[in-house]
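Two complexes are shown next, each including chain A; its partner changes from chain B in the first to chain C in the second.
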Partner chain A sequence: MARSIPSPPGGGTARRRTTRGRQGLTGWLFISPVVVILGLFLVVPVLMAAWVSVSDWTGRGSPVGGSVSFVGGQNYTAILDGDGLASRDFGTSIRNNLYYVLLVVPLQTGLSMFLAVLVNRQVLRGRGFFRTAFYFPSVTSSVAITVLWLFLFSSTGVVNRVLSFISVSGPNWFQDPRGVIHVILAAVGIRTAPEALTAPGFLGVSGWEWLAGPSVAMSAFILMAIFTTSGTFMLLFIAALQNISGEVQEAAMVDGANGWQRFWQVTLPMLRPTLFTVLTLGLIGSWQVFDQIYTGTQGGPAKTTLTPAYLSFSTAFNNQRWGEGAAIAFILFAIIVTLTLLQRLALRERDVPRRRRMVPVTASSTGARTASSSALPVKEPKP
Partner chain B sequence: MMTGTPRNSRRLAAATLVAVSALALTACGGSGFSEAGEGSGDQTEATDAPLTVLIGSSGTAETDAVTEAVSSWSGESGIDATVNVASDLPQQLSQGFASGNPADVFYVSADSFAGYAANGSLEPYAEDLPGKDDFYPALREAFTYEDTLYCAPKDFSTLALVINDELWAAAGLTEADIPTTWDELAETAATLTKGDTAGLAFSPEFQRVGAFAAAAGGGLVTDGEATANSPENVEALSYVQKLLNDGSASYSSDLGAGWGGEAFGKGQAAMVIEGNWIAGAMSADYPDVEYTVAELPEGPAGKGTLQFTNCWGIAADSDNVEGARQLVEQLTSVDSQLAFSKAFGVMPSVQSAADQWSEQYPDLAPFIAGGDYAQNVPAQPGAVDVIAELNAQLESLKTADPQQLLDGVQPDLEAVIADAQ
Partner chain C sequence: MSQLATRPAAPTPPPTPAPSTRRRRKAPSVGRRALALYLLLALLALIYIFPFLIQVSSSFKTEPEAAQNPLGLIPQNWTTAAYTQLFESSDFPTWAKNSFIVTLFVTAGRVFFNSLAGYALARIPFRGRGLVFALLVAVMAVPGVVLLIPKFLVINQLGIYDSYAGMVLPLLADAAGVFIMKNFFESIPASVEEQARIDGAGTFRTFWSVVLPMARPAVMTIVILSFQGSWNELNHFIVSTQDPALTTLTKGVAQLSSGQLSQGTQYPLKLAAAALMTVPVAIVFFVFQKRIMNASAGAVKE
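And then the complex of A and B:
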């Protein structure tokens, strides 16, 4: 920035340097609160947690004190060796969370995009109302929604009452540990594990258990996550949709594309950066699910709503195994980073030259834009 | 290049400022982690340092009773003491121990006791308590770590059979029909099962089902050995499984209730296996339901039940250990414990108060009678996880094979027991 400011008349090199020096100082001063806050609340705790994850700290006094010693990867092996309860619990929590992510991320992304397209339509009356209505769950505290959910999905709750109208006897949602896939298999007559799947597998959890699917209790949480977060992501999609100029759609119409084709061939590719953001945020958020579990089920029934984030908390705070708790947190971090990078790789634009990305309107078409926009049948907002 | 110097020095100054303020703030944050073991445990005289008492309260009745007892002690001793109610006791305790600035006196549950004792957070004050031998032996055992009694049992609870009088009479049963053996229990439960009402209900956890194991002569740990898959335990689980599959018994969760007491109060179950805390819940939430309490029926090995307890822990890092000890002595006296019983229905942890308690609460006497033969739930460090795993398995007891189920838990329990020795 400094370079673009014309030097004052008569100012020499020395003068300019002083100005820049002063600006540097000012710059440092301005960012120092953020540096201090980030250091204090982010860097220091993360470093301490990293140390705890390789130490034998028992939770009393300072973890950097004299009596705490380095134990290497011992805490990590306890979790990852697939032998013993700690490892099986971790495996179970990964299984639960994996199904949660696999269902929540695509569904919430799809739903939020669908809602965004709906409320973005100019012809829709009361758009403001719908936008607010869809966004509302997102601004409500997750604890409040969890409590609401516990009531809605209780065995005699509203959901089961409604299901009973169509002669379906609903499950006892938050008490039902059966995996959804197991339930489906049981319906076609497979009730016990085939011999090959009974042995303890990856992380000490048997193949049959890995294939259980989300439990009925977890499914209720999955519905809740979709319900609460799709409003937030809908906003992101609306913002992106409004950035797509009308004449791109118009050009597609001129080319004879119908509505369906316009969505898949024009709108969706232009939403790609937003799609990446939404998928990434969704992925990170759904791997970190904690507060619903803490207020709702504490990991039950039968550990089927245990998630790594909650397991990390309960291992450390309730069972005094701080090293293992911190290690779980770091493994979770590694999982999230890896998956985000993979997703970035998968969503990379391959066929579009780099420079033309995200530039829907080129300079040459600007003239046409002014001409055509007045011809658009769009209602202009009244002043 | 003379101008370079002031610029560099300014930049240096700015960087230093940032670094210093960062350090200063980190130091402030870090001071929370004061060095452990400041030797405060060595003091013998009570100072007048104020005390904080952290409790996990069951409700306002308990909070008020404890606050009153503490403030009356405060008035006598001249030491300020405040009572705080924890919303999540284990988490708040752990945080206090880590910061080196814990509450002075607090509740410690039997299952988290060993962890805190092992990491040195608890002051082993109870060995010198004058009334130490008056506590029930099983309760003392629950709070003994490496042959040292760490903290004074606060009170205790046992499990008994709670019977709904109205449903009992409606089924044509009389007082003489109160089951005293497993066979009679199965029979009575079947008689009482009607429509949506289960004859017998309990939560799907070892903390209830374990009472059957105790009556069968089993238990998870016997004489310091892991005995999860003992024939006695298999027999107990098979019996429970039969009750569940006959439909005469149900898990409270299957009835849509949070715990046995809720199922009982709502009339979803005619009998439940619950602890004496149910008395408080019934008078608060379901005052119209009349009930009778009976001792749990005898199993193949005679009477058996489980007990649950908390103790008054004192932090090793407390500034006023002696003052805290005096407070605990006061809180565990016969008078205070009877006052607590009156306020929130717990049973005194000292044997000398038992007779008085039974006289005052004749209806609840079966609970305190259980104190004579009750088993502790294992509480070695890590045992909580094993029991949680067992509870997870017990949820599907209906369709599981009891032997296989217990065999699955045995190695985990063995590992925990081996670590504890």
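And then the complex of A and C:
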């Protein structure tokens, strides 16, 4: 991060100092627009929201005015204490988003890697066409895709029509609040909650509800996320695959490894830095579900597509409970940061012994992970 | 889901250029495998493309037909009613105008400010450069959705709520773009600028008329990414405006979709609106396809 600054060669001390001074001024002039905008619309907002999250501001007048008072952790308690509607809604939104993350991240990573391996064949004809086809959903806006998805998954829509070809009568997707796990349990005869799971549990949501799984409506959003993100991540994997030299593959082939073994024992380990990038980006992205919910369901049916991001927005803008809304945003921020750090830790651990030299991870910054991904092909030891 | 079911069969590739003895021995199975590969790819491509074909064809159907025959690619009663309604009795033209205005200013602003900042970080030694760089990296890690309420607070406080300024200014901050420009400038040999400086050009002059023209590939990358980013932006416009005259396409179509502006399903109308708002990004995508494919990978690679 701290790069050595090349000093201008030659010149007397006095002259160098003035050049330096002038250059320093120019440097700051060049960079100031970006710094001012980032400061004004990123740093200041975060500080201001931190204040609002511990205040009783109701949305009238300025949040830093005299009539607004400090209420301590009251807003945070209201969300986290486990009784009351605010807390139950938050618990529900966490459950919904948790299942979303658990399904979207592995599936989009697996699918995008699979597509990349398929498309990256040397002998493949029309690879440009296939790449374009898989990537196109990624360039469209989330609003346009959601509109399309609402149509495809409507009760008489395309998906149910296709399902009817194989004699499956599809659900009314976006109106169906049943949890998928509940549906499966009902199929084997378990329709009501066991006694132990009916009491309000963590965040006011009962154990039975925690175990509901994503609702049918949320499942449609999960499919949509996989559909729209797999193309982007496929490109990352393709870029990484192209950096793996053919020699390594050939050497493995000469050693008698079949395609399956080559994938697991040669390709996959070399893709690990990219895999790490994709998992991190996926994890960060899938905790921020907002546009789809705003466009599509507004949290319904029965709050099963409510997400923390949307709940934070609607608590503040629709219900005028600004303190609680800001508090939810900060809790969400904490969740994302914590999970990213945990994942970094978990994945780095396994990385260290095998190629100690090539993990230049410096800090818990987003920038660092990218450094490791570009370092891979250069320093990989030749077998 | 169905794509994944086929997964285990996949990573058994037909051996690419192998020693000739091997190829002869394995020839028949390679042919069958190649066929299976193409079939699989074709099926996947169909799953990815078909929804968009349905979208366009349904926008030309009547409402009952769209509901009764969603799979038909050729409308039986061809009608442009949805498009007529969008342009003649809705705010769609206003939304489109606003989207174009915002996208234009954001893209132009980002190109200028990102390249200025990138140049300073790459070439001009100044005190605090390391700090600014660290700050930019930290800023990139803040998830955007968390900033919804905060951004509204500041925009409101600054008195630019419900104005083009409030819509454009906050979007000009783009740390990722600064990195792309910085990396590119670092790849240009310094001798080029030294020559200009010896000839007496100032720093800005050197930057503007010598270095920036050389950075065309990187500038194009910024243009494409900014265009897509600001055209598809939704949540910033939700928190920075409420005036219907300032509604953008994303916000307008989202409200149309959630039924805040209408009754009934109106699928052809909604699909037509969604299809139209995809056209500009689709054009940019197909024109700059090669560069986009590389840029998306490059952007994250930093």
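Following the convention adopted for this analysis, the second predicted complex is superposed on the first by the 328 of 383 C-alpha atoms of A that agree within 3 Å, B and C clash if a C-alpha of one lies under 4 Å from a C-alpha of the other, contacts with A are read in each partner's own complex, and residues count from 1 in each chain.
Here is the rule we use: a residue touches a chain if its C-beta (ideal position, glycine included) is under 8 Å from a C-beta of that chain, and two chains touch if they have at least 3 such contacts.
Note that the structure is predicted; figures quoted are calculated from it, not measured.
Enquirer: Have a look at where A:Phe134 lands relative to chain B and chain C in the superposition and call it first, second, both or neither.
Expert: second
Enquirer: Answer with first, second, both or neither: which of chain B and chain C does A:Gln320 touch in the superposed model?
Expert: Only chain B is touched by A:Gln320; chain C is not.
Enquirer: Could you tell me if A:Leu211 is touching chain B, chain C, both of them or neither one (first, second, both, neither)?
Expert: neither
Enquirer: Considering only touches as defined above, state whether A:Phe263 meets chain B (first), chain C (second), both or neither.
Expert: Once the two structures are laid over each other on A, A:Phe263 reaches chain C alone.
Enquirer: For A:Leu197, select first, second, both or neither according to whether it touches chain B, chain C, the two together, or no partner.
Expert: Once the two structures are laid over each other on A, A:Leu197 reaches no partner at all.
Enquirer: After superposition on the shared chain, which partner residues are touched by A:Val44: those of chain B (first), chain C (second), both, or neither?
Expert: In the superposed model, A:Val44 contacts both chain B and chain C.
Enquirer: Give the label of whichever partner, chain B or chain C, reaches more residues of chain A.
Expert: Between chain B and chain C, the winner on chain A residue contacts is C.
Enquirer: Between chain B (first) and chain C (second), which, if any, makes contact with A:Leu102: first, second, both or neither?
Expert: It touches nothing on chain B or chain C.
Enquirer: Return first, second, both or neither, reflecting whether A:Ala251 touches chain B, chain C, both chains, or no partner chain.
Expert: In the superposed model, A:Ala251 contacts neither chain B nor chain C.
Enquirer: One more residue to check, A:Val158. First (chain B), second (chain C), both or neither?
Expert: second
Enquirer: List the residues of chain A that touch chain B in one complex and chain C in the other.
Expert: 20, 24-25, 28, 35, 40, 44, 62-64, 154, 156, 316-317
Enquirer: Of all residues in chain C, which touch chain A in the complex?
Expert: Spelled out, the residues of chain C in touch with chain A are 1, 3-4, 7, 10-18, 34, 37, 40-41, 44-45, 48-49, 51-52, 54-55, 58, 66-68, 70-71, 113-114, 116-117, 119-121, 124-130, 132-155, 157-158, 169-170, 172-175, 178-179, 190, 203-204, 207, 228, 231-232, 234-235, 238-239, 249-250, 253-254, 257-258, 265, 267, 270-271, 273-275, 277-278, 281-282, 285, 289, 292-293, 296-297, 300-302.
Enquirer: Which stretch or stretches of chain A touch chain C in the complex?
Expert: Going by the criterion above, the answer is residues 1-3, 5-7, 20, 23-28, 30-31, 33-35, 37-38, 40-46, 48-49, 52, 62-64, 107, 110-111, 114-115, 117-119, 121-124, 129-148, 150-152, 154, 156-158, 161-162, 223, 227, 231-232, 235-236, 238-239, 246, 249, 253, 258-260, 263-264, 267, 277, 281, 284, 287-288, 290-291, 294-296, 298, 309, 312-313, 316-317, 322, 325-326, 329-330, 332-333, 336-337, 363, 365-368, 370-371, 373-374.
Enquirer: Which bits of chain A are touching chain B when the two form their complex?
Expert: That would be residues 14, 17-18, 20-22, 24-25, 28-29, 32, 35-36, 39-40, 44, 58-65, 67, 84-86, 88-89, 154-156, 172, 175, 177, 300-303, 316-320 of chain A.
Enquirer: Using the touch rule from the top, collect the residues of chain B that touch chain A in their complex.
Expert: Against chain A, chain B makes touches at 3-4, 6-7, 10-11, 13-15, 17-18, 21-22, 25-26, 29-30, 33-37, 90-91, 94-95, 97-98, 100, 112, 115-116, 118-121, 204, 253-256, 317, 381-382, 384-386, 388-389, 391-393, 395-396, 412, 415.
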